[in-house]
Amino acid sequence: MSQDQVLRLHVPEPTGRPGYKTNFSYLCLSPAGAVRRPPIDTTAFETSDLASGLVRVLDDDGRAVGPWVPEITPERLRKGLRAMIKTRIFDSRMLIAQRQKKLSFYMQSLGEEAIGSAHSFALQPGDMCFPTYRQQSLLLARDDVSMVEMICQLMSNEGDSLKGRQLPVMYSYKRAGFFSLSGNVATQFIQAVGWGMASAIKGDTKIASAWIGDGATAEADFDTALTFAHVYRAPVILNVVNNQWAISTFQAIAGGEATTFAARGVGCGIASLRVDGNDFLAVYSASLWAAERARSNLGPTLIEWVTYRAGPHSSSDDPSKYRPADDWERFPLGDPIARLKAHLIQIDAWSDAQHEQMSNEVDAEVAAALKEAESYGSLLDGKIPSASSMFEDVYKDMPAHLHQQRQQLGV
Amino acid sequence: MSQDQVLRLHVPEPTGRPGYKTNFSYLCLSPAGAVRRPPIDTTAFETSDLASGLVRVLDDDGRAVGPWVPEITPERLRKGLRAMIKTRIFDSRMLIAQRQKKLSFYMQSLGEEAIGSAHSFALQPGDMCFPTYRQQSLLLARDDVSMVEMICQLMSNEGDSLKGRQLPVMYSYKRAGFFSLSGNVATQFIQAVGWGMASAIKGDTKIASAWIGDGATAEADFDTALTFAHVYRAPVILNVVNNQWAISTFQAIAGGEATTFAARGVGCGIASLRVDGNDFLAVYSASLWAAERARSNLGPTLIEWVTYRAGPHSSSDDPSKYRPADDWERFPLGDPIARLKAHLIQIDAWSDAQHEQMSNEVDAEVAAALKEAESYGSLLDGKIPSASSMFEDVYKDMPAHLHQQRQQLGV
Amino acid sequence: MLTKSSNMEAAGETPKTTSMTMIQALRSAMDVMMARNENVIVYGQDVGYFGGVFRVTDGLQAKYGKSRCFDAPISEGGIVGTAVGMAAYGLRPVVEIQFADYVYPAFDQIVSEAARLRYRSAGDFTAPITIRMPCGGGIYGGQTHSQSPEAMFTHVCGLRTVMPSNPYDAKGLLIASIENDDPVIFLEPKRLYNGPFDGHPDRPVVPWSKHPMAEVPEGYYTVPLESAAVFRAGKDLTVLTYGTMVWVSEAAAIETGIDAEIIDLRSIWPLDLKTIVESVNKTGRCVVVHEATRTSGFGAELVSLVQEHCFYHLEAPIERVAGWDTPYPHAQEWAYFPGPRRVGAALKRAMEA
Amino acid sequence: MLTKSSNMEAAGETPKTTSMTMIQALRSAMDVMMARNENVIVYGQDVGYFGGVFRVTDGLQAKYGKSRCFDAPISEGGIVGTAVGMAAYGLRPVVEIQFADYVYPAFDQIVSEAARLRYRSAGDFTAPITIRMPCGGGIYGGQTHSQSPEAMFTHVCGLRTVMPSNPYDAKGLLIASIENDDPVIFLEPKRLYNGPFDGHPDRPVVPWSKHPMAEVPEGYYTVPLESAAVFRAGKDLTVLTYGTMVWVSEAAAIETGIDAEIIDLRSIWPLDLKTIVESVNKTGRCVVVHEATRTSGFGAELVSLVQEHCFYHLEAPIERVAGWDTPYPHAQEWAYFPGPRRVGAALKRAMEA
């Protein structure tokens, strides 16, 4: 009998480390077009295969194949491509600005641009996203928040609508359906469920879209969100961005070994999909499917977006310390921008020249926005929101003790 | 399109309420013997059917059938029967004592006696249970803690090893593998995983057995336990006692609607079973299977025990306010004592007369223990642990401020 | 109670009052607010069909439907987390934590989220949530049904912390809390649910029906936040307290014959500093009383405020009477509880110093 | 530092010392303890392969193996919850919370479980856990990388709360904490990780290598818990403080020319009351300084203790200097931080009163 076997602690490891190339077979990919598309009123249990498979539309030749091919015009696709390019350029310019100490800190979304860009196309005005710090593409894909305004937040300058209170990237734009970011990971996930419940309580038609990283799924608020969303059939899309890493830890440390994050949804009674997050068409199509479920009183959908965090965790991080430096180049799902570009070229709706022109245009746009934002100041030049404003908004009306403290500070 | 459909909040309801008989078809029962028994090195994914089916051994005629029939002697079965009878009688006498105000409070386990009784037979000395307030059968099935000692705890009297500090039923018996109960539900679940991890870290052979109710699975510590147990392949049995109710709320409010609690384990990558908790043989057999997995470095197993909370939540509760008064009589999985008794009679190892004799003996034993315990006092007569002991064990060594406070109290 | 500062709905007419227990008064507050404002919703463990383990929400589901009063999973974090989301949507959730002892799983959502949402979003989103929870001991609840965690909340900027001591205040403060645009921690001394309690467990229980403070208007009124009440006027010294200890302090004053002015804070934080300072400057002596454990309890903040604002009027060290720095034991409940004997001794020390 | 009370391993010989940053000193403490006691294990987010976001655990996994130093899921509740279970088994877990701001999801496991396990089981089970966490501001971390939550822990009986201000104390206190049989909250002022900080962000950063308190014995020694240090002797008044504010207070004393006696609490609770009382009774004036928000901060408890024990020696109201009662803002960090100017002003007020 095995009874006297000595126990040992299993500590999961990534298949690659600095000096050892990653073996990406752990990802268990399905070919493009291989995974079925059930009707939106499917049961959670029936999505088991979709939670372990991988919904993909774009094949290696840039063709859109299979049941998840969405109806979408080339014009919209070009808009999507532009959103992704804008996000990438925005990130890279902000990173440079951070190195120039114009920003105290920055977090880019390199490699993950398709997810927010395509998802935002599936939402409607009035819906609310509850993002993490890596969903800037949700904002950059739409036009209701200017880049200048975003950059003012990043610079904590006098134009910052958050009055300098928040770390860079902790945006809040209610009017654009973008919930205030918290520095504490995962808290927004259950809040999104509450927001969706509120819409249902009021008999409205708005839905919520919740965002979380693979690593943060280990926080209680993730599971609690699944429980509440299931119990009350909340109209919410539960997005898990599995970019394989959480700072220095591999997704297996969050529980991704030998299972998927989508499978957790199924276990909780939630219809769940695992989707190629670097495939703009797959993201759009799966997002629409989930949004329609939510709007039809069919309750929550969990979607695991499989992607790769191509850059460092943040401007304070150096990933070459814990993973192979060339990992992204070898990631089997490729670069979302290159893939949509190839598709557009494949359907004769795009060219290299147009692509380059668009990139240049967007770059100029970002550069101009940065310049304008800088005119409102930065931490460097001290043109920051007043110290006096520090005491506001703690309460709706300032209580006596805060008046007194403001006086003490002499501002 | 469904886009303009008005949303509404879904609030799950039980199928029965006072005045309306419960329709128990929601339980989705499998016939005895119908569910397969995989090898212990099965994968989590392969247990999906076991997490939605129901492992049962005893059929309606008291016969043991199917792949889960365990090897167990009639002698051990009679011991198990005795443990269940003892638990039931203990509970009913304590409830009376509570009404007589000898105890401030009590929680019985009526209807759930098979689970702890049979499970404890599958554990070994050195293993540790992390129980809830309804696992007294784990203790009463073994002989290393006397009933007198338990009752002294219930009475907070001078014989109480917990020095009167804890509410009745919040036992702690390290020597008997019974972890100190917390009044906060679910906290023990993740602690059990840590204890199991410690055994693995030390290269020992001991395993942990964690306990939780259906309602309490909604707490974060449940999910966190699943995550950690999966990540580190902790040697632990994760027991969910689904007795259909959490005080006044039906298990659907905890997330049990249209899915099972066992399915949550599968989603987390944990091999999981759903088992008839009123079937002594099924409980014993499934517990052994899970224990062997843990001892063989195969990691955690989640088991959902399907049962029914036949009595009120606690001595402060009146269930007729929220569910049909005759619900238990109509519960399809019956009474665990009656079912094991029928089996023993069916295999010619028991008789009605023997049963009655055993009940009488046990009753006398419990009565004698109660009497002896009462001789150490109770809240009623004020023979309680000293007020001075109240300041001990806050820290290992009493800090100055507690010395001073004890002095102030003048004890 | 000397001052009954409150805002009646119709200034002119005398409102109809009924004798209510604290439970009935709290229920009436929610009832009034649910009727007035359809964004007010109520949920928590066992609060829907059953009406709450203390029956505070009894009847609300039947009256307002399952969308506005419902049962929640046993997840305090989920309850507060969803409430933050609902509040961001525009609702005014009133949620129940079954016992204050069980609030800790919701701590992150309270401290990091509800309390900071307005600030971090510069008012873009707000969290007008009321989190009700029974607190305090005296019912043989043991260490997880007896706690008074108010001090922790007072350390969190952005939160309001409130604790009533009688049915009239309970209803008026709860309505004010629900209407307030900040998140409010609303602590209900469970030992006062059914009657005032002077700290003598051996004496017969007095029901609220015998007490004038149980005369509660049936309709809408508020007891403003940040306003303390002079529960008992006196000249010898000032007692600063709230909740159950208001009654215990009164008993101690009577039993010692010391003419104590008892201030019932009602709003623990932000508080009514003016009433406190005026009283202490008048009496020159101060005793702070609460049931929570002593060290870093809210009493410490009260002592600090008083010594900062009244230093030159103080004739004796400020005394603190509080729960011991141990968990709340089950059997030794009455040795733990800061009863009239201990409060009385502190009053005497303060007078003799 | 005047008194360097500590227990060296071999009384006779002079231990070999090295200049260490606070990060190195903390790492050395864990290294020493992991080598001495195989029940000591270390885990937390990013602490295994990578060695922690502040690199405090760098090299420990390579040296002691993955079973004794490993990465944990992003679940503070799970980290502390498993630690309670491990401690019940017999291990001595030393866990890291990546930032003190993220401790709230673990609050229930700390407050209701770790802190109470010994008490509720009457010693049947215990929880000798050390929970390390970087705290404090001054690094432009914004409101969720700057908090100082020590006061909350001091309100929870059964916990010990410790905060070092220099490498020597950091190592000695961490070893003492790991050896202690009670759960210890070990707060590390992150602004001091790489050098002392006088509160002037505009001045060049001074590394620890230039400072005598960075001379740290390589081997085992302890700085006992519940013992404060007289960081600077003085006659004019007493400053009670800990962590980064020790250095800021020193700067304020120098800049104002006030001969302040600065007490570095080191153990925040339970604390060394004797050293405090002796000093205040000697100076007759007291200023309490911490970075955490003011209201119900630990300063309130210090003020209360001082006024209770030194009332008749006090010549002026006790001053509190603390973080404002707002979240820690990002851009206005230096308007928020209680720097030498604010501390100095309080010293002057205390002298002039």
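Each chain gets a letter, A, B, C and D, in the order it is written, and its residues are counted from 1.
The definition used in the following text is that a contact is a pair of C-beta atoms (placed from the backbone, for glycine too) under 8 Å apart; a residue touches a chain by one contact, two chains touch by 3 or more.
These numbers were taken from a predicted model, which means no experiment stands behind them.
Enquirer: Among B-C, A-C or B-D, where does the A-D interface recur, judging by over half of the contact pairs matching in residue number?
Expert: B-C
Enquirer: Can you name the chain that lies farthest from chain C, using the mean of each chain's Cα atoms as its centre?
Expert: A
Enquirer: Counting only Cα atoms for the centres, state how far chain A is from chain B in Å.
Expert: From the centre of chain A to the centre of chain B is 41 Å.
Enquirer: Return the distance between the CA-based centres of chain B and chain C, expressed in whole Å.
Expert: 36
Enquirer: Provide the C-alpha centroid distance between chain C and chain D, rounded to the nearest whole angstrom.
Expert: Roughly 33 Å separates the two chain centres.
Enquirer: Could you list the positions in chain B whose residues touch two or more of the other chains?
Expert: Expected reply: 8-9, 11, 163, 165-166, 170, 182, 184, 197, 199-201, 218, 220-221, 224, 227, 231, 253-255, 394, 401.
Enquirer: Considering chain D alone, which of its residues make contact with at least two other chains?
Expert: 67, 73, 75, 77-78, 101, 104-105, 108, 112, 116, 119-120, 143-144, 157-158, 295, 325-327
Enquirer: If we count contacts the way the header does, which residues on chain A are in touch with chain B in the complex?
Expert: Per the touch definition, chain A meets chain B at residues 1-12, 43-45, 48, 52, 124, 197, 199-201, 203-207, 218, 220-224, 227, 230-233, 235, 252-255, 257-259, 263-269, 292, 295-297, 299.
Enquirer: Contact residues on chain C for chain A in the complex?
Expert: 41, 67-68, 73, 75, 77-78, 81-91, 93, 105, 108-109, 112-113, 116-126, 157-158, 160, 180-182, 226, 270, 273
Enquirer: Note which residues of chain C are touching chain B in the complex, please.
Expert: 45-46, 48-50, 53, 66-67, 70-78, 101-102, 104-105, 140-145, 294-295, 324-327, 329-332, 335-336
Enquirer: Which positions of chain C touch chain D when the two form their complex?
Expert: 101, 104-105, 107-108, 111-112, 116, 119-120, 143-144, 151-152, 154-155, 157-158, 269, 292-293, 295-301, 303-304, 307-308, 311, 316-318, 320, 325-327
Enquirer: Give the list of chain B residues in touch with chain D in this complex.
Expert: 128, 130, 161-163, 165-166, 170, 172-174, 179-182, 184, 187, 190-202, 208, 220-221, 224-225, 227-228, 231, 393-396, 399-401
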